[in-house]
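Here come two complexes built around subunit A, the first alongside subunit B, the second alongside subunit C.
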Partner chain A sequence: MAIGILRRWAASAPVPVFIARGGGAGWRPVELAADPRVRLVPSPRHASVLLAAGRFPGPMGEALDRVHDQLPAPRAAVWWTADADAGRPAALQGASVVPGPDPVDRIVAAHRATVLGDAPSSPDVGADVPPNEFVGLGDNGHGGEGMMGGVPYGRPMAMTADDRDGLALDRLSVTLGPFLPGFTNGLQATVALQGGIVQELSLDVLDLGEGRSLDDLAGEAPTPWRTRLRWLSEALRVGGLDALAVRTARAARQGDEATSTVALVRRSGLLRSWSGIGALDGLDAASRLAGALDPSGPAPGGQADVPLDRLAASLVGSDWADVVVAICSFGFVAGENAHPRAVHR
Partner chain B sequence: MSGLAVWAAPLLVAVLLAGGVYAAAVIDLATGRSVAGTGLGPSALLQPFRRAALTVVQRPSATERPDVVMWLLAPALYLGLAAAGLALVPLSPTFAIADVQAGIVVWGTIESLVIVAIFLHGWSANSLQPLLAAYRFLAVGVSYLLLSMFVLIAAAIPAESLATGQIVVSQHGLWNVVRQPLGLPLFLIVALGSATWGPLNVADGTDLAGGTTAEVSGMPLLMWRAARLAMLTSFAATVFLGGWQGPWLPGPLWVAVKTLLVLVVLAAAGHRFARVPTERFVTICWVVLLPLSFVDLAVAGVGAL
Partner chain C sequence: MIIVEIGGGVGGESPGRAQVLSLLASLLAVFGTTLVATFTVVAWPRRGAAPTWAFRAPTLGGGCAETHAWSRFHARYYPMTLVFIAFEMEMMFMYPWAVVYVREGLTALVDMGVFLGLLSLGILYAWREGALRWQ
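Then we have the complex of A and B:
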């Protein structure tokens, strides 16, 4: 009885959704924040529905599988795509497919069905085991000093190393992305960190495949301003302004000029917070954001074609959180051109 | 000031805690919707319960080799510290749940242990993003903690006592918010930091995929969220806004009204101001805010002569 009431209450809550943006999704899924029936969350652990938006070929599909298994049960997966006949990752085998302009009805239905027990929770697709066997010393074993270093189970383990402050902090190598908040579609970072400081960084874009975009699916050709507002909504979430992000998503969906929203963003201190971060060729994250806030302004000149390796090199020595902000700031484009190159298809 | 029967104290703390968390959740929702430009219907009053129910039915997450004990202990510690803070609040001239002679010292201890709880929460998950969040919170926490020490000492000077009850009594006729105008803004900064909220939400930010909560779901996540809201509530109106003092209404009601006002200010700040980068906050804290807290202390000292 009590459990039934609890489940009914749970089913009627706004649905926490983790969005994985794939090929052809652009920033369109960010507009879903405008719908009060859903709530976009920063971690798959907080979600009850995984929304896979777009195409997920090859490594993108493998990454999606890993994210899927991180959602807590009961969970559901919804695939919003124009290319359902293309390769379907394991995580989406049992997913509802939405071949239309708005997936929210299906998201809410899937959420309610799984929470109320009317549909099974989406099962794990990966085995809960280490990626490799432990082999003592060697490629998948210890290799450092004492209990540190090496690659036990094939995963690099932290090892002390020299750093800028002379503290000899642990150095840890990890791969982050491609579904991190603020990251452009398919972007993956391979990073060596000491504390929160980036010592090495390489950025790659996973294959996003070819096909129709979600905007094509909706039969819409978004204006440059609408694309900016979509990006701005994501940037505001990264900046800790979730309510303003919702306001901006509503403006994007309604095609507003969003004058009052832009004024609120200017007064929020986000421009000050982002100043000095991700500086490249005299422009920093704040100046890129300022450019995006001007409806009539062009995209910041001179950075429309920044290669990823140059961007990565400019971010070495930064705090990881600043790297996220910097990468996010480069996601601003006036149209659908890649910025940085090839990451916004 | 009288105390409370031993058996009744935990019960009353639990009631205050639940009420405070609910009020903070609704106020946060209302201020958020105000900024978002979406309507606030009656359903908003039920929203916290619905969200809580959903979190409860979700299965707690597991990471590879976490420090399980610490991972479970951190939310409990955080919530317990918020409860202890609430217990120190004098609700009327004759009543506080925990009428401690060195209440301000206890409060300072709570703030210090909050830093431990938040750090443990990030560290014990054995995962990168929570750990990074824990590290950057530590830098922020150690910085704002110094502000709190000076601000609280300044508030204790006119009362000539470390007891929270005496600090409220000393504000008869002139609240500390007027007598020490720098104190309340500085104290609210400490509140934002202790609840890791809004501009000082460095521990649970979206830029780190949820920070210390990036690997948490189910009941532990609910406890953590409740603890953050409770921590906001526990920064009540005692030290600067005259506590239970005020005309017409009974003391406990004044405490509630003032607490709600403080919550509105903190929630609005959370929705209107962007997260401050860690290094910049630390610099501002040591170069600007800490000297201001010295000035606050000096003003209090001169006023007491």
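Then we have the complex of A and C:
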């Protein structure tokens, strides 16, 4: 009985949603933060519902499959798309499709159904096997050359390399994105980290396919100011100012001037914390943010070719938080559906 | 009719109060054990499935890891820790010295002065060698 009551309370609480933005989604899903029935979370581990917004062809679909499996059970998936006829990724085989402008009703219904047990939890896409083979010299995958042999839990240990202080630290190679807070659609970062400092960085854009955008579902193109506010809401979330992000999302949805919100953002200290990060062509992240806050500043999506190769080169030696801020600050000028043409570093 | 004596006699508490306390402790133990057993019996069939390999993959926003996440970070506070321990032992010697200082007078002052002087040479050496520089 007590557990039944707890389940009903859990079902009626704001739904923690992780948004994966695909092709054609742009920054539009960020406006969902304005609805009190949902709560946008930065990690799939905190989410109950996966909202897949847009198109997910090829590698984007594979990345979505990985993120889907990382949501804790019971979980549900909802696909918000203007191209329901396009290829459906494996993670969304059992997902309900939202062809309309607002997915919140469907999200809440899916959450309630899974928590109350009316619908089964979305099953894993990936197989229940270790990612790499457990192979070493011994029977349990252990052993090898020296102290670094073997592949514990199926992945090789990070080998050492020299770092900036003349020490030899382990060098982690990892691929991050495309579904990270602040990342533009399809952006993936391949990074080599030593103790939190980036030693190598390569920024790629995955194929987003061709088709309609989510704004087409609403029947009208968003105003430039509304686009600014959407991106600003995401940037505020990256900066840790969640309440201000919700307020900005509300202003974007209502289409108002939001002068008081913009004034709060200017006073919040975000500009100061972003200064000096991601400097490129005379502008740093704070300058780009200031440009976005100014109605007479650069237009959203005004720069189709973001120099990702030069940006990656400039970010080597900084820590990962600065890299995320720098990438997020370019999200405004890169526009909603721009495909930044990049040369791999 | 049960009469419980309240108030202690010479040399300790009354037997009645001790009995009440032990009875309460027993009831509490039984209640606690029953509560734990009930929750276990009710919740055990409802536990979730063991996490799969797909769930246990590191959360990278859709990316994948090529190496294991176990890695070493440089303990940049290590030289400072060694210096601290060395001079902490110096302070340990000063505590008993402070107790007898007034009684021993000038002798104690000179002895401790020599001791501190020698250790100050150690500080100067460490300073010259860069042990006090934060990495």
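As a convention for this text, the second predicted complex is superposed on the first by the 303 of 345 C-alpha atoms of A that agree within 3 Å, B and C clash if a C-alpha of one lies under 4 Å from a C-alpha of the other, contacts with A are read in each partner's own complex, and residues count from 1 in each chain.
The working rule: a contact is a pair of C-beta atoms (placed from the backbone, for glycine too) under 8 Å apart; a residue touches a chain by one contact, two chains touch by 3 or more.
As the structure is a computational prediction, the values presented were derived from the model and not from experiment.
Touch test for A:R37: subunit B only (first), subunit C only (second), both, or neither?
neither
Between subunit B (first) and subunit C (second), which does A:D319 come into contact with in this model arrangement: first, second, both, or neither?
Touch status of A:D319: first partner only.
Given the touch rule stated above, what does A:R45 touch, subunit B (first), subunit C (second), both, or neither?
Touch partners of A:R45: subunit B and subunit C.
Can A:G195 be said to touch subunit B (first), subunit C (second), both, or neither?
Both: A:G195 reaches subunit B and subunit C.
For A:A20, select first, second, both or neither according to whether it touches subunit B, subunit C, the two together, or no partner.
Only subunit C is touched by A:A20; subunit B is not.
Determine, under the contact definition given at the top, whether A:S173 touches first (subunit B), second (subunit C), both, or neither.
The answer is second: A:S173 touches subunit C but not subunit B.
Go through the superposed model and pick first if A:R88 touches only subunit B, second if only subunit C, both, or neither.
A:R88 sits against neither subunit B nor subunit C.
After the superposition on A, what does A:M157 contact: first (subunit B), second (subunit C), both or neither?
second
So, A:P72: does it touch subunit B (first), subunit C (second), both, or neither?
A:P72 contacts both subunit B and subunit C.
Counting contacts the way the document defines them, which residues of subunit A are shared by the two interfaces, the one with subunit B and the one with subunit C?
43, 45, 70, 72-73, 130, 172, 174, 176, 180, 195-196
Once bound in the complex, which stretches of subunit A touch subunit B?
Residue list for subunit A touching subunit B: 6-7, 9-14, 16, 36, 41-43, 45-46, 48, 70, 72-74, 115, 130, 172, 174, 176, 180-182, 193, 195-196, 237-244, 246-247, 250, 264, 267-270, 272-273, 277, 319-322, 324-325.
What residues on subunit A touch subunit C, complex-wise?
Touching subunit C from subunit A are residues 3, 20, 43-45, 62-64, 66-67, 69-70, 72-73, 124-131, 151-153, 155-159, 163, 165, 167, 169-180, 183, 188-190, 195-196.
Once bound in the complex, which stretches of subunit B touch subunit A?
31-38, 47, 49-51, 53-54, 56-61, 64, 128, 132, 135-136, 198-199, 201, 205-210, 213-218, 221, 271-280
Which residues, counting only subunit C, touch subunit A once they are in their complex?
Residue positions touching the partner: 42-43, 46, 48-49, 52-55, 57-74, 135.
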